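Read the structure below first, then the notes.
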Amino acid sequence: MRHPVLKMEGISKEFPGVKALSDVSFELYPGEVHALMGENGAGKSTLMKILSGVYSPTQGTIRLKGKEVTFGNPLDAQRQGVSIIHQEFNLFSNLTAAENIFIDRPEMVGRFRRIQWSKMYDEAQRLVDSIGGGEIDVRQEVRHLGVHSQQVIEIAKALSFQADVLIMDEPSAALPENEVKKMFDVVNRLRAQGVAIVYVSHRMKEIFEIADKVTVLRDGAKIDTRGIEEVTEQSLIQMMVGKEVGQLYPVREQKHDQEVVLKAEQLSLDSAHNVSFELRKGEILGLFGVPGSGTHTIAERLFGLRRGTGEIIIHGTAVKINSPSQAKAKKIAYVPPDRHRQGIIKPMSIRQNLSIPMLPQLSKYTVLDEARIKEMSKEYMEKLRIKAPSDGQSVDFLSGGNQQKVVIGKWLAANPDILILEEPTRGVDVGAKAEIYNIIHQLAQEGLSILLISSEMPEVIGLSDRILVLYKGTIVHEFAHGEADQEQLLQRASHPLSEGGCL
Amino acid sequence: MKKLALTLLTGVLALNLAACGSTSGNQTDNGGKPNQGASGSRTYFMNPKSIGPAYWAAAEKGAKKAAADLKVEVLFNAPTEADSSKQINMIQDMLTRKVSGIGVSPNDAKAVGPVFKKAKGQGVNIVTWDSDAPDTERQYYVAPATDQEVGELLAKTIGEEIGGKGQVAFMVAGLGSQNQIAKSDAAKAYFAANYPDIEVVTTVASDDDQQKAYANAQNLLQTYPDLKGIIGFAGGEPPAAAEVVEQAVKAGTLEKNQVAITGIAVPSVVKNYIKNGTIKTDIIWDPGKLAYVTVYIMDQLAQGKEIKDGMEIPNIGTVKVDGQSVFIGTLEVTNENVDSFDF
Amino acid sequence: MKRLLNVHEAPIIIFTILVTLLFSILSPDFLQFENIRLILDQNISMFIVAIGMTMVILLGGMDLSVGSVLAVTATSVGLFLSNGIHPWIAAAMGICIGVLCGMVNGYFIAIRKIPDIIVTLATMYIFRGIAVGISGGTWMTNFPEGFRFFGQGYVLGISFPLLIAVILIAIFIYLMKFTRSGRRIYSIGGNGPAAKLAGISVARTKFKVYVLSGLLVGIASVIFAAKVGSVQASTAGSSLAFEVMAAVLIGGGSIFGGVGTIAGTMLGVLFMGIVKNGLIISKVSPFWVSAATGFLIILAIVINTLQRIRQNKGKEGDLV
Amino acid sequence: MSAWASRFPLKGNKLIVQMLLLLVIIVLFSFLSPYFLTVTNFMNVLNQMVEVGLIAIPMTMIIISGAMDLSVGSILAFSAVCMGVAYERGIDIWISMIIGLLAGLLCGAVNGYLIARHRMQAIVVTIGMLVMLRGLVYVINQGRPISGFPDAFYFMGQQYIGFIPVNAIFLVVMFLLASFVMKKTRFSTYVYGIGNNEEVVRYSGISVVRIRFILFMLSGLFSALAGIFLVSRLASAEATSGTNIELDVITATLIGGTHIFGGRGSLSGTFVGLLIIVFLRNGLNLLGVSVLYQAVILGALLLLAVGNKKFNGE
């Protein structure tokens, strides 16, 4: 009979005016991967914060290896064996990988209070190697490392505390599809070593691939814990949402022989080589590739954020696009992947955020035309169903989905011909996702040409009319509508020739 | 709300502190209420170039003494840096206060023109001291001697000390400061006329920063190994030069008396160097006396009395009056008399 | 060779060498042992203050008050001396006052959490006022012979202040590289919230850094007073803050924190010292001196920026 | 609440503390000094705050955009002396004035080029410019003050319309104008946007480089304007003018509630901040308080007024 390494009983957490968690119990056994699911606001993050020592529960007990414990702070929790890896990494980009793992740790201090660098490097390398990060040089500064390597460093940091319990919050969110596999390898190793893992993710596919058990939270209460073999995607969604959800992706009608709106010819820069493609009126063109394959570079090139060689032809005439403002003048719009850093200005109001790209048109002699701005923001709030008490509200208070709608809305207001969408549903919960998919579909129906770049394969497959696959900067395959499935797509994106290679 | 109250409270406290500061700062202030009995007491504003240098501190003592002797009120204040726009702002403020006379040592002779004009329009007497502002509405100028005379005296002193030949370097407080320019130009002209063999190699400026003056002097010795003399045209320069020369002598890189130093400096600051013989002669005048005379002249003007050549000023003695200028004379500080000065 | 070029301080080293060459061509006196000693000697207090400033800037802050702290401590040392206190005790008390000033800055910045620039701008005014206030407007001068030792003395044939500076530099390089406290400074400057999660007390580290900065300014001011021989409270160290900050940034530091080394800063100070000395030695017209200094500062920064651009090229997809 | 307040949650109406402080200062000094509460004194104060005030306009904008310009004092002196030298060479005074303004613009352009185009750290670049321009002033003029401008030119700095000084009217007009720009034009949205999240503004198809460049050009232009008004007021162009003026300007801006790290602030706040500083100075001067105590009081005020609000939560 195995004993649970962690047992949470009757956990409740109240914030002034809100009950975030009520009477949640949770058991975790060594060597299992336990998925924690729920829509945004279901109480996942509160539960994790309690478990990792950020909050202390209003009620309930936590038992670690049979002993009742309380965590004063995250460091305390780590020392007792519970570590968390946040979605946003907590790394010091200016320090070496080794130092990130062993930051401020007394055990690295030797005589004369001297930090033993060689010991630190050795142990860090050993730790990193043990979870399959052998290619990482721990003497490198973290800012020179890729996202996956950074995650490995985060995991190594957690393990350096002899973690019994490891909480991984959306570990695949920042990772390219091919590196998710590598991450799974790491998780499997940890499982084999007897570490208990709480795996928080929105991505169904991953849950089924990696988890042993799944617990679903909704509205601050636990719905159920089940073995992974007992559930299906549909039943999980139902548990999370509490009602049946319809089709996530709208059905797209195929139109043919539409005029070509955008033609890219031999675009080259950095990782992209001679990329050529055509985008037609009213079409959703999916562009898929693992990060580093050049999809992001192409988007940046088309929007004038970066310069390179090759030609961009819009409506039959070659144009120069050397800056975002030139792109905007050519009626190209871009919804960038990182909403917080590139999409919204948090303290500003919805109205201001919506109107920013359009201000030259919404002002006379640079003086803003308030009436028209209000009219416009009202129009797009309604059109995109942005839920907020008023357009004067700061976007900071909106949910992720509504924020994303603001980012899309601000470009729709600019009335573009071409819309580049990159990761349009990153960090958005299921309900809002469906809404955004519908909006994208609607826009294409209305004649907008959309270039869709996403690392979520179901999204690309479900929405696109055609899919181009990029591998190492070149287009290696084109899928027509309905041709692609996830397996094929991933295979093309990681190129058949490289199988068994360095992947 | 609590923070708000706290902020306001501290603001009020700070101002109270200020008011206390003002009373303790002015011995003759009538308990912090300046305009009390305006008919009886006259108030004068003495405005040096800046607050901080020892020279002006000595002048303040003289001004305060005059205030006590003449039973008038004297406010002595200036900006912390020798900046003419700040100085003029302060004079304007004092005109609002309707003082009976203002004694100014202008940072810029031309810039004070407009404000002096305004003062005259309000019937406030302006007397310049230490530095002049010719071609303005000022009534008198109180000085030890003209800038030209002082410059020539310095040139003559160093010329005699180094035997009329060799390299000399000038150290000034600011390259843009007029009294410095006037004095150094006079010294240059004097060399050209009387000591054609003396070469003025360079002029370095310290911007009133002691460390910079010190570094300047070090660099001078390094750059001009044949340097024979240094003239320091402002209070901070001679001690810095002397300090550097003394250290060089001590370190053996320079022979004693190889570089002669003279300049304008308050005796108390250069006392040790004079005693050591690093500085043979230092030119100075009593800034306290200068300020005293300025206050006295203003008081005379305010009472409608005449200013005459050779007039006797109580506690000071006679002064020379030449047109609109009042001269109190310069002093040469040497090893013999250095202990006799109290400033 | 390539490895050498990738050293963080490479551009400033090369630029310093170039400037040195230029001055040696312009004046044969420049590259003399005597002159090099002079440059070091003139910048001792800069070196020491810059150590503290490097730590402050590594935290992502800045300290505008160092000049005023220098004035307060130097003036109080002068006052102690004129009251007949033994030079060693006076120096120690002066350093304590420096520490006290650092504690005031640290209190408002670390504990009251007011932005550094506002606190130090305010204390810059306050300390300067206090300095001139306690000096009574007079100069601190005529220091006793025993006190001069701090600025001019020799120990085993080595200049005492230089020795102190070298020791301090060595200690702080060690502290920054080999102790937890030093690494905490880097980690807070690199990623404050992450440092907090790692259990590092941001407030305590900030407080410590400002106190240390105060301590270093205190030491520097004793050397300053003993060396220059007189202190004028109203102007002592008036341009120090900007100059030292420029030195740190020339030496490869980033105003945003987390990047920079003590060694780099020392090079930055040396660079500024060389420029100031070289311009006078090569007999450049006095009117050109500060124009040329400013130009070289800008040039040094441009060169540093070039390096950053070169390093970041071809690293698309990185998080930072 | 006006429509504007809701449009700009960043600007807020948080000037209550500042207004009360100003009120307290005025009331207190009115009791302490009989000369304080007079029309002449107030006009006097207005006349004196013009140069700092003019520079504070672009400085507020630059700080809101998340940068800082420390070279303003040197630009002031540089353009003042350029104008003076031009006039001395026999060029018509009004054309000399334009030369002075162009000199300021040029300095601003250099700052802007390095900071906006090449993304160099603003503080470092402007410290370098501070040193270099101050040096250039001495180069072009050997440090000698220039005076003897025609009377018509002094109109700007010394004359009154009614009982109000001409330059104060100019300042107020400029403040109203700039305030309008910072409230009702798209330029303001960009400036606040850059201060809060530069990337978003860039990703919205707006040239951040151009906005930053314009800001530093404005700073150069206004510093030059301040230089010209200073010369007109003092009848003399000096090499030392404007030394340390950046500290006054920044202090006023901060007391006025502008966030040091950008994103928040207002010109009306800066104006109140300016009034607080100048009235405080003026009042203390009238009382004959030594400048030493004045510095201490100003520092304490900065610390308590600005610090108390705990602008940046850790």
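Chains: A, B, C and D, in written order; residue numbering restarts at 1 for each.
As a convention for this text, contacts are C-beta pairs under 8 Å (C-beta built on N, C-alpha and C of every residue); 3 or more make two chains touch, one makes a residue touch a chain.
Everything numeric here is computed off the predicted structure, so don't read it as measured data.
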Neighbouring chains shared between chain A and chain C, ordered by label: D
Far-end chain from chain D, centres as C-alpha averages: A
Pair of chains whose C-beta contact count is the highest in the structure: B-D
Whole-Å separation of chain centres (CA-atom averages), chain A against chain B: 70
Geometric centre distance via CA averages, chain D-chain A, whole Å: 45
Centre distance in Å when chain B and chain C are each reduced to the mean of their C-alpha atoms: 33
Approximate Å spacing (C-alpha centroids) for the pair chain C, chain D: 29
Sites on chain D at which at least two other chains make contact: 138, 142-143, 292-295, 300
For chain A, residues that touch 2 or more chains besides their own: none
Touching two or more other chains - residues of chain B: 51, 80-81, 175
Touch relationships between chains, expressed as pairs: A-C, A-D, B-C, B-D, C-D
Residue numbers on chain D that touch chain B, as the complex places them: 16-17, 20-21, 24-25, 28-29, 32-35, 38, 40-41, 44, 47-48, 51, 138, 142-145, 147-148, 154, 157-158, 230, 233-236, 238-244, 281-282, 284-295, 297, 300-301, 304-305, 308-309
For the chain C and chain B complex, residues of the former touching the latter: 27, 29, 34-35, 38, 41-42, 45, 128, 132, 136-139, 141-142, 152, 224, 227-239, 276-277, 280-281, 283, 286-287
Touching residues on chain D, where the partner in the complex is chain A: 3, 6-7, 9-10, 184-187, 189-190, 192-193, 196-197, 199-207, 263-264
Residue ranges of chain C in contact with chain D within the complex: 62, 108, 112-115, 117-119, 121-126, 128-130, 132-133, 192, 202, 242, 245-246, 249, 254-255, 285-295, 297-298, 301-302, 305
Chain A-facing residues of chain C, complex: 177-180, 183-184, 186-187, 189-191, 193-195, 197-200, 258-259, 314-320
